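Here's a structure for you.
Going by the order they are written in, the chains are A, B, C and D; count residues from 1 in each one.
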Amino acid sequence: MSEPFEPKIVAFVCTYCTYAGADLAGTSRLKYAPNVRIVRLPCTGRISPMFILKALQKGADTVLVSGCHPGDCHFTAGNYHARRRWTVFRALLAFTGIPEERIRFSWVSAAEGAKFAEMINEITEQTRKLGPFTQYQELQKVIETQSTY
Amino acid sequence: MGIQEQYRSEAAALLSSGEVKLVIGFGEGSTADRRRPLFARTPEEAQKFVLDAACIANLSTYLVTEGLLSDGKKVAVFLKPDGIRSVNILISEAQLKPDQVVILGYAIDKAEITALEGRNISDFSLGEEIRSHTPPPHILQEAERIEEMNPAERFEFWKAHFSKCIKCYACRQVCPMCYCRRCIVDVNQPQWVSTSSHTLGNFEWNIVRAFHLAGRCAACGACDRACPVNIPLRLVNYRMGKEVIDAFDYCAGENSSQKPVLASFKQDDPETFIL
Amino acid sequence: MTRILLRNKLDDCIAAWQKAGFSVFAPVRQHEMSSFGEVQKASDMAFDLVLPERTIKDHFFPQTEPLIKYKIGKQQIDSETMTPPDRKRVFFGVRPCDASGLAIDDPLFGWDYKDDYWFRRRDNSVIVTIVCTEADDFCMCTSVKLSPESDKGADVMLRPLANGAGWQVEAVSERGTALLETIPSLLQENSEPTAPVPQVAEKFDLEKVMEWLASKENFESQFWKDISLRCVGCGSCTFLCPTCHCFDIQDEGDTYAGIRRKNWDSCSFSLFTMHTSGHNPRNTQSTRWRQRIMHKFNYYRGKFGVNSCSGCGRCTRQCPVDMGITETLQAISNLPR
Amino acid sequence: MAKIGVFVCHCGENIASMVDTGTLVKAMSDHPGVAICNEYKYFCSDPGQETVKRAIREHNLTGVVVAACSPRMHETTFRKACAEAGLNPYMLELANIREQCSWVHSEKNQATSKAIEITRSLVEKVKRNNELKPISVPVTRRALVIGGGIAGIQAALDIAGAGREVVLVEREPSIGGHMSQLSETFPTLDCSQCILTPRMVEAIQHPKITVMTYSEVEEVEGYIGNFTAKIRKKARYVDMSKCTGCGDCIQKCPVKKIPSEFECGLGKRTAIYTPFAQAVPNVPVIDKSRCTYFKNGKCKICEKSCQIDAIDFEQQESVETFEFGAIVVATGFQIQDTSVYGEYGYGKYKDVITGLHFERLASASGPTAGKIQRPSDGKEPETVVFIQCAGSRDPSKGVKYCSKICCMYTAKHAMLYTHKHHGSNSKIFYMDIRAAGKGYDEFTRRAIEEDGADYLRGRVSKVFEENGKLIVRGVDTLLGKPVEVAADMVVLATAMTPQPDAKQFAKRIGIGYDEYGFYNEAHLKLRPVETAKAGIYLCGACQSPKDIPDSVAQASAAAAKVLGLFSREQLEREPVVAAVGETTCAGCWGCVYACPYNAIEKKDITDRNGNLIKQVASVNPGLCQGCGTCVTFCRSNSIDLAGFTEKQIFAEVMAL
């Protein structure tokens, strides 16, 4: 029997809102699941769809993308641009069979430490239920083995 | 006089008057049912143009050939509505100057071929036609069939298709919108897209290609026809086109002054999926 | 009297080969594409194809091949060579042009350094060709001095019987003879006539073409620019070619571990000869197309005494803009002397 | 070859109690490219920083990762340390193993392995960091102060006092804000007008201050040191350069019965008016919506009455554009609409009023000349009930927060009432008395002990009229009994809320706001007067409910920040900006459209003879704020963002 499944969650967050919100969860000593790895970026506008694909390749079971609420972007409009990209990218991934539950999006402000903590717990639990994203991870495993030809 | 003769003489006139330096049209292909792009620089060469229902390629892709239009001279090109739509997109993305392109427009309806009025891009108003255009039933049916699958089935469907991909980039090379001097897939520092054509690399390439065309695709089907391993690229393109029109009421190539859909936004864009 | 294999014995034949340790490959149709794939029974095979869209080359020189697995450590780099599996394979129903392609590439992979990845697969594979009974508009084997019944690259050659019930069987190499020894009971003596071989007309004068290409003054000819105007620079002709063999070495992985891979590359790509400096000696599509033709019908022959083309016609058949070797060589052939 | 130093901080027990730092150090020591890995109790301390600096020098480090707290906490600290040791300060990354690891997890093994992954990925990132140099931008040493209340006035005076130009913009016809409406002020009971008016006059007379009343900030563009603001001057219909403020026009105006906004509707004003007698500038405006001439085309009595022809019915509004280096936002507050409290009868009974009404009644310059009279019949009330928290601290109908000033002004009201009307009776329903502040508790004690204010701890459930009295029914929670008081007047301590257009205004100038619409400071404790947008500062009640001393203190603090910025001609900015790879840019201009700062321009690429080869995008580093939206848009990957380059992020993700 292999090890019990521990979800791997990669979060791409903007530094001004969600990263600060995650910091607030820390300063408030809120406890949440240790399964998330946070990648800090200046703005959700900087979060490229490629990041999501690479996180999946590296074995993420769920990817979270999070930034400032609409209207609150430190850079005034980065999150609006991001939202459009996500709408399209999400539809694309869904169409190619990458389940919507695997790519999550949220707005978490610098004041929403509690929301961040709860969300990470919820996503971790949901991912636990979904199980590992083996379909995608298999693609990587195949690469690492011998050529089949 | 049939449209073919009409356009032959018009092309010849454009060339002999010196209004254009080149006319891009169709000539006989290697078999009876094939037509191939033909480049005429003299009125004599223009007599070789063929125009019939087999002329389905989107020749606008040649307009973005590096250096073709940098001398400021004009080029005439045979275009169907999807090609004209492509020209709209290319103009809105500053890849073409409207005055440099003379359009010899035509439409194919089953085996019938008709001339389109107008020579300058501004003569064509395609907006409504494009919006009301529905793809052929076989595409709709296939797309629906995929939508009805569960994610795991969809993944398997595309895995089977993408695993065939040999990364020949024919889909990219025939696409008028793939005019980048350097494609993302050729960026190796860092290597976002695995260049190897294993299934993972193929997934990445095909997803990135579709994403880069979202809201920019003229639905000409060139990529789908070009694919030597028959990946149904039309389905992804169709799905992306549908998404931008449903979510943002944006239809690429309606006119030549659109802002790119992914470089603009509305404050009340839909966001049902965001927590 | 010759030996024949009946179509209805094919399932037994596959089973016998599998029992002898072979995996059996044949033309198959899968996911809207025809290629060589592993089969378990005769009904898996697609016999109605003039040619599969993909070549048999894929199974000897795959589009991506892992070479080395590496891991960058604190003090040293650990690496492990990845070699192809020693797998005995029978390729059944290969067309003579595809089999010739393998033979054409053999010297390339073995002239100074014996490419283990190629030869390990070659040595473990038996090629069973089926002589053509049909040709399409694009077939051009005769133009490159091969034929629909060429045995080049074949180990066993099958000639379809006129009645369609099976094939006349002939071993053309030791490996072929050995393969047939695994199925003696499935072969029977028979003198049934074989189906006629299609007449494939020669489309150009190869001698004249080679002469023109060899002439240095033609290298800068306007001909190259005119003929390649519509080339969009994709790699489909090269990747579907049974003899094209260019590759690129790529390290792929994360920041401290990865795999060095050998991937197909194409002389059609604008980046194929791009230097780090930004200079590109073949910076236009015409020079790239010229390279492709020159390589196949001049340079390769100069080095290995054979043209790097087996006349399968895929380059034209699959070209998105209806170009291909045939058109170019025809045009050269038609040039005034 | 990378030589990375990794420094694992215990943060006392904050990290070390949850993350096994020994294991982390071991893992990092074994990581490729790590030249040295240390642990220490407090790396942010002097000896800690010394350790880092020594390691940089001794090992010739090419990059540093400090595994400690959030980069939002100590990035600057360690950047400085790196610079002092001769390493480019941008060759540093902070691995956040405190806020985002040790503090939020409770299982040591998991926290440790997470800390390893976080640190490892940043080691990979830092290997790919580039040396960056701060960008110098010129500073326009002129400040814009938005809002002419006491906070705005104070900020303007402080900045101007240090010799820098200020434009003070107020949307009402006079500066002064809410403070000008107040009667006396707690805890000293000095008259509000008496202390405010001199400051107003000082502001308008100051040679460095341009006061623009009846004006609004329309648009702000640019960035710290280099803002451009468009200010719309509404048409006053009175020529400010001519008007002497004699008031003849006001006297003659036939439209006299307009409820005065300044008097909270307790007094009347004319169509041509100054909001109050001491208005600054003392120049009236014509209320176009009420003026007979503007409505019917006839009247112009004011014009006739004006002896110096200062009335100008043809005056148009105008928009003026100024350049500023800094902006102080002091847009103030409003009071909550109390009619949501039907049970208190506000709006139904004339004698149920707000605290601000009471201020006007108590004001010597108010509608009753300082006499406390019932709005209904002008009688002096015998019994007044004050209801505190009539809106504040009420998540269901009002606002969640405490409005901070109500406890104090209610005590003041009770006191003033007793002073003006001996033998009267004040009853105050309260939840808690919050009287923290210099002299504040003493003040409320005085109201209770000396001036007989009767404090009842409890909530009021209903106010209704019975036999000419307002019956206030509530509960005294200390006695645990229901109480009923027959009052002549009820005063509600209404909540302070943001201005009605606070959110739209914030969006217009690009600053953040909280759920209510109060403006967000960059850090609640440590950067309380800065906003997240560099160069824009806050003071007064637009940030949160405040009393006068706090508003003034914050205004001076904001002024100090502005003056700090203005102390140099050049400003050094973070070099986290985008740059275009010109060889691969296809010139599609997607980035130009996407940039929220219009920081991307089109640039011609020419050959050596000056012939145009192509146009490419080009980032103006002075305008770029470093969001990276352009980078993500660019299909050919031809733009990159310093500090968060594609290579860096790729490495970071691939090391996870």
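We adopt the following convention: a contact is a pair of C-beta atoms (placed from the backbone, for glycine too) under 8 Å apart; a residue touches a chain by one contact, two chains touch by 3 or more.
If you're wondering where the values come from, they're calculated on a predicted model, not measured in any experiment.
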C-D against B-C, pair bridged by the larger set of C-beta contacts: B-C
Chain nearest the overall Cα centroid: A
Length of the line joining the C-alpha centres of chain C and chain D, rounded to whole Å: 72
Length of the line joining the C-alpha centres of chain A and chain D, rounded to whole Å: 32
Gap in Å, rounded to a whole number, between the CA centres of chain C and chain A: 45
Residue numbers of chain C (touch at least two other chains): 64, 252, 254
Of all residues in chain A, the ones touching two or more other chains: 48-49, 54, 58, 71, 77, 81, 85, 143
Multi-chain contact residues (two or more partners), chain B: 184, 191-192, 194, 196, 198, 262-264
Overall pattern in which the protein chains touch one another (line/ring/star/complete/other): complete
Interfacial residue positions of chain D with respect to chain C in the complex: 30-32, 34, 124, 127, 583, 651, 654-655
Of all residues in chain B, those that touch chain C in their complex: 29-31, 34-39, 57, 61-62, 160-161, 164, 166-170, 172-174, 186, 188, 191, 194-198, 201, 222, 225-226, 228-230, 232
Contacting residues of chain C [partner chain D, same complex]: 72-74, 253-256, 278
Of all residues in chain A, those that touch chain D in their complex: 10, 15-16, 19-20, 22-23, 25-27, 29-32, 34, 37-43, 45-49, 51, 54-55, 58, 60, 71-78, 81-82, 85, 110-111, 117
Residue ranges of chain A touching chain C (in the complex, touch as defined): 58, 143-144, 146-147, 149
